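Which chain is which? They are A, B, C and D, in the order written, and residues in each are numbered from 1.
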Amino acid sequence: MGYWKDIVVGGWSLVEGMKVTGRALFKPVVTVQYPRQRLELSPAYRGHIELKVFPETGTHGCIACGTCQRVCPSGVIKVQGVKQHARGGKVATHYVIDFTRCSLCGLCVESCPTQTLQFSTEYEMEGPSRWDGVVDLVTRMEESRS
Amino acid sequence: MMEAATNTGGDWLRLIVGLIVVLIFSQLNALFLVWLERKVAGHIQLRYGPMEVGPHGLLQTIVDGIKLVGKELITPFKADKKLFVIAPVLVFMPVLIPFLVLPFGPELIIRDMNVGLLLIFAFSTFSVLAILVGGWASNNKYALLGAMRSVAQNVAYEIPLLLSVMSVVLMVHSFKFSELVMAQHRVWFVFLQPVAAIIYFICATAETNRAPFDIPEAESELVAGFHTEYSGMRFGLFFLAEYTNMFIVSAVATSLFMGGWHGPFGWSLGIPGVIWFLAKTYFLLFVLMWFRWTFPRVRFDQLMNFSWKVLIPLSMLNLLVTALVVKFV
Amino acid sequence: MAAREEVVRRLQELLGEAALRPDEAYAQGVSWTVQAPAPSLPDVLRVFRDAGFYLESITGLDFKDTMEIVYHMNTYEPRSRMALRVLCPHDGEVPSATGLYDSALWQEREVWEFTGVRFSGHPDLRPLLLPEDMDERPLRKTFGTVHAYRKREEIYG
Amino acid sequence: MAEHFAEPVRQHLYSLNLGPQHPSTHGVLRILLTLDGEYIVEADPVIGYGHRGHEKMGENRTYLQFMPNTSRIDYLSGLLFNHGFCLAVEKLAGIEPPERARYIRVICAELNRISSHLLWFGTYLMDLGAFTPFLYCFDDRENILDILDRVSGSRLTYSYCRFGGVTRDIDDVFIEQTRAFVKRLRSRWKDYHNLVTKNVIFIHRTRDVGVIDKDLARRFGVTGPNLRAAGVPFDMRKVEPYEVYDRFDFQIPVGEKGDALDRYRVRLEEMEQSCRIIEQALDQLPDGPYRQERVRLKVKPPRGEVYFAFESARGLTAYYLVSDGSPYPYRCHVRVPSFGNLHCLTEVFRETLVADAISILGSIDIVVPEIDR
C-alpha cells in the first residue's frame, strides 16, 4: 500500500508546488527596469567621497591635515595644501582619490576633523581607462559649484 | 476530409506546399516558444523576462538567432570532426518529419498515413542517436556523460510512452491520426484514459529532455551536457530542435488525449478546428514550461527507478485493463 | 565540563603541573593553555582526541627567536576551548597530527606553506592556498611589509 | 551503492575536473574527481584561487583599517565577520560599547544571517535544478539588503561595526521595516514549504545524501549548521554567549542524521530563530548613545592575545589576534568554518554520484573566498 501512497502523496506535492508558481505568474513583477526606472538611494549611501561645501565660507573646509590619508586602508588618498597666511592653517589645493582601489569603508569620512568629507550619491562612474577613477575632489567641487 | 491517394498530382502539390509551410511554421514556432519560455519563466519568477527588442521583447529570439549565426563555430581539439559537424543536423532533420502527419485540422493533414503515430515515434527516437553522436564526438567528459545519460533515459522512457499510447490505439483500432481524433468527437480520451494521459505526458517531458528530467544537459552538474562544446548555430540547432520536439510531443498529446481539433464535448463554438488544436497544444507547452520552472531536477538513478518501477508497471496495468474493457464491454 | 577536566588531569600527569595555565575569566578565549614540547605532541593530541575534542585551528606565529605553533582544541561543551602551544625553531619540524585528526591534513599544509614549519609524518605536504611553485613564506616576518619583528618574551613575557 | 564498490574493480577510472569554472562550484573552487562511471571514487578539492592574503594584510594594517577586509573574507555574511572582529578587538583592548550599540549590532547581524541563509537556500535549489526558488529568495533577501543599506550605506560589504559602537544609529523607519520584514518572511514559509520542502523530488534528492555524522564532523572540525544537522547543539551564541545573546530566548535547531535534508531543515529553522532574536532585540532596544566616543582611531591594545570565536552564518568563526602593544596586530589569524566544512567532503564524496556530489556541495554552504582568505 505504501507504493500507491507514495505515488499519490508525491504527485500531490508536485501539484502543490505548481500552485505556488502558478500564483506567482499573476503576481505583480518586483524588478525595476533600471535605466528607465530608478530606485531611491538610501540616505546612508556610500558613493565615492567628495568635499562638502559649507555655506558660511562658500568652500570646503579641508585643512590638509592628512588624517584621511593615514587612516585609509588602501592608501588611495593624496592631499596637498598650502598655507595661505603665514599664521593661518593650511588649505587643501589638491585632494586626489583613486576610486578604482577604494573599498568604500568610510573611515576617511569618520576621521575627518573638520567634517568636510561626505559620501557622494554617484553610482554610475564609468570610463575606459583606470585613470578615469582618479578624481581630484577640489576640482570636482569647483566644477559642481559653477 | 481524408485525401484519397488517387489524385497523384494534387497529392504531390499538397506535399510540397505542406513541406514549405511546415519548415516556416516549425522555425517561427520554435522562435516563439523560446520567447514564450522566457516570458513564462520571467513572470513565474516575479520579473519581466525579455522586454527590450520589439513589443514585450517579441523579437528578442530573432536577434539572439542572428547573434548565434554570427558566432564562431568552434570545433574542439581532437574532436571527431565529421561526427561533430553532423550531429546538429542529425538532431534537427528528424524533428521536421512528424509535422507531415500531425492533424492540425480536419483538412490540414499533409499526409494522413495509416501508420502516422508509428512514424512519429520512429523518428523521435532518432534524436537520441544525434545526441549520442554529438556528445561522443565532442571529446569532452561532460558531453559524454550527458550523452550516456540521454540514451539510458530515452530507452527507459520509450517503453511507458509507447505502452500508454497503445491503450489509446486499442480503443480506436487505428494508428491513423484522423481516426484517432475523430474517435474523440464526443469525449476526449483524457477522461477515458487519465492514467495513460498522465504517463504519456511524463514520458514526453523526459523524451524531450525537459526539466525535471533534463539530466542530459543538467547545467548545474554537467555544465551543459551533450552540447557543452557546441557554439554558434550548431548550438542553435540543438536548441531549436528541443523546442520543436516539445511542440511535437504536445501536438501528439493533443491529438491522442485532448481531442485534437474538437472542442470539448463536441461543442466547436464556431471556432475553427486548427485554432482549437493550436490552443490546446500551446496550453500543454505552457504546462511543460511550468514544470521546468517549478521542480528540481531528478537524480539519474531515481529517474530510471521511476520509469522501471512506477511508470512501466502502471502503463502495463492500464493497457491490460483497457484490453479487457475493449474486449468484453 | 567533564571532557575538559579529564584532559587537564591527564595532561598534568603527562607534562607536569607547570605546563598548564588556567584562564578562568576566559579573557583570552581559552580555558587552559598547555605548553608542550614538540616531541610529546602526538601523546598530548591523543589525550585530546580520546576526550572528544576536535581540532579547531592551527596557527603559526613567527618570533625573532623561535616559531610557535598554536593548536586550538575545542569540544562541544561550554567554555572548554584549550590552547596547545608548541615551540619550534625556524624551518624546524613538528610531529604531524594527521594520524589523529583528519582536519590537520589541510590545516598543517596551510601552516607549512605560510610559515615554513614542516610537519613530520604528514602524508601530503604540498601547497594548499598558494601556487605550487611558491617558495616564499608569506606569514614569516621576513616577507613583505613588516611593522615589528619581536622576540617571544616581548609579547608574552 | 556500497556494494558497487565491494569488489576492487577499478579499471575504468577517469578523472573529471569539476571547476574552477563550473556553474555550481560557488566561486572558484576546483574539485578533481576520479570517477568510475558516474560514481566518485576520490575527490580532491583544489583551493586557493581566491587567495588574497588577508592574514598578511591584517599584520600591515591598524585594527581599524582591517575592518573593511573582514567583510570581504566572507562576502555573504560580511556584517557577522565585522561584528566578530569588532568584538575580538574590544575584548583585547578592553573597550565597552554602549548597550544600544550592542543591540543594534545583534539585530543587524541576525538580519545578515537570514540573508546569508536565504541566499544559500536559493543557490542550493539552483544546484538541484530548480531556478524559481532562487528568485523568490532574492526577492526576500532584497528586503534585508534594503534595510541594511539604509542603515549602513552598503549592500554587501557593510563595514558597519566600529570599536565601541556602529557607524550610524538606527531610526524608527529601520525598526518599522525590520518588523515588517520579519512578518513578511514568516508569511513566506508556507510557500517555501509547498514549493520545496514537501516536494517529492526535493526530498528524494536530499534524504540520506551526504551524511555527515558526529564522528566525521569531529574529525574534520565541521561546525555550524552542518554540525547541528548531525544532532550536536553547538552554537557559539549559546555555548559561549557573546554580545547580548544570553538575553534572548531562542533555540538551537538540530537535525538527526546529518544528511542534506537535515541541513536544509536546520538552516530554515535557524532563520526562524533569527527572526525571534530580532523581534526580542527590537522590543528590548534601549536608548542611549550608539557609539562610544572615546575610542581612538588607532586602537592600541595591551600586549597579549585573544582568540575570539563567534557564530557566523556558516559556523564557528574565530579571530586569533596577537598584540604587541602597537597599533598593528602582530598576528591576525582567521579561523573560517568553510575550511573544515569543505575538507570533510573528501570523505563524504566517496561512493556518491556526480549529481549527489553537487547536491552535497550545495548543502554544505561554502563560500570559497572565505576558505582561500
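Rule of thumb we're sticking to: contacts are C-beta pairs under 8 Å (C-beta built on N, C-alpha and C of every residue); 3 or more make two chains touch, one makes a residue touch a chain.
The UniProt protein names, listed by chain, are A = NADH-quinone oxidoreductase subunit I; B = NADH-quinone oxidoreductase subunit H; C = NADH-quinone oxidoreductase subunit C; D = NADH-quinone oxidoreductase subunit D.
Not measured: the values here are computed from a predicted model.
Trainee: Give the chain pair, either A-B or C-D, that is connected by more C-beta contacts.
Mentor: If we tally the C-beta pairs in contact for C-D and A-B, the bigger total goes to C-D.
Trainee: Taking the mean of all protein CA atoms as the centre, name the chain whose own CA mean is closest to it.
Mentor: The most central chain, going by mean C-alpha position, is D.
Trainee: From the C-alpha centres, identify the chain that is farthest from subunit A.
Mentor: Farthest by centroid: B.
Trainee: In angstrom, rounded to a whole number, how far apart do the mean CA points of subunit C and subunit D lie?
Mentor: Going by mean C-alpha positions, subunit C sits 25 Å from subunit D.
Trainee: With centres defined as the mean C-alpha position, give me the subunit A-subunit B separation in Å.
Mentor: Taking the average C-alpha coordinate of subunit A and of subunit B, the gap between them is 50 Å.
Trainee: Return the distance between the CA-based centres of subunit B and subunit C, expressed in whole Å.
Mentor: Averaging C-alpha atoms per chain gives centres 62 Å apart.
Trainee: Could you grab the centroid distance between subunit B and subunit D? Build each centroid from C-alpha atoms only and quote it in angstrom.
Mentor: Each chain's C-alpha centroid was found; their separation is 44 Å.
Trainee: Can you list the subunit D residues in contact with two or more other chains?
Mentor: 132, 136, 139, 195-196, 199, 201
Trainee: Return the residues of subunit B touching two or more other chains; collapse runs of consecutive numbers into ranges.
Mentor: 44-47, 293-295
Trainee: Two or more other chains in contact with one residue: find those residues in subunit A.
Mentor: Where subunit A meets two or more other chains at a single residue, that happens at 14, 17, 20-21, 24, 30.
Trainee: So how do the chains connect up here, line, ring, star, complete, or something else (other)?
Mentor: Shape of the chain contacts: other, as it matches none of the listed patterns.
Trainee: For this entry, which pairs of chains touch?
Mentor: Touching chain pairs, listed by label, come out as A-B, A-D, B-D, C-D.
Trainee: Going by the contact rule set out above, which residues of subunit D touch subunit A in the complex?
Mentor: Where subunit D meets subunit A, its residues are 61-62, 64-69, 72, 132, 136, 139, 142, 146, 149-154, 157, 159, 162, 167-168, 191, 194-196, 198-201, 297.
Trainee: Mind listing the subunit C positions that touch subunit D in their complex?
Mentor: My answer: residues 26-30, 52, 54-57, 59, 61-62, 70, 72, 74, 76-79, 81, 83, 101-103, 105-107, 114, 127-131, 138-139, 143-148, 150, 154-156.
Trainee: Enumerate the contact residues on subunit B facing subunit D in the complex.
Mentor: Residues 41, 44-47, 141-142, 145, 211-212, 214-215, 218-223, 293-302 of subunit B touch subunit D in their complex.
Trainee: In the complex, go through subunit B and note every residue touching subunit A.
Mentor: 40, 42-48, 51, 290-291, 293-295, 310
Trainee: Which positions of subunit A touch subunit D when the two form their complex?
Mentor: 6, 9-11, 13-14, 16-17, 19-21, 24, 30, 42-46, 67, 71-73, 103-107, 110-111, 119
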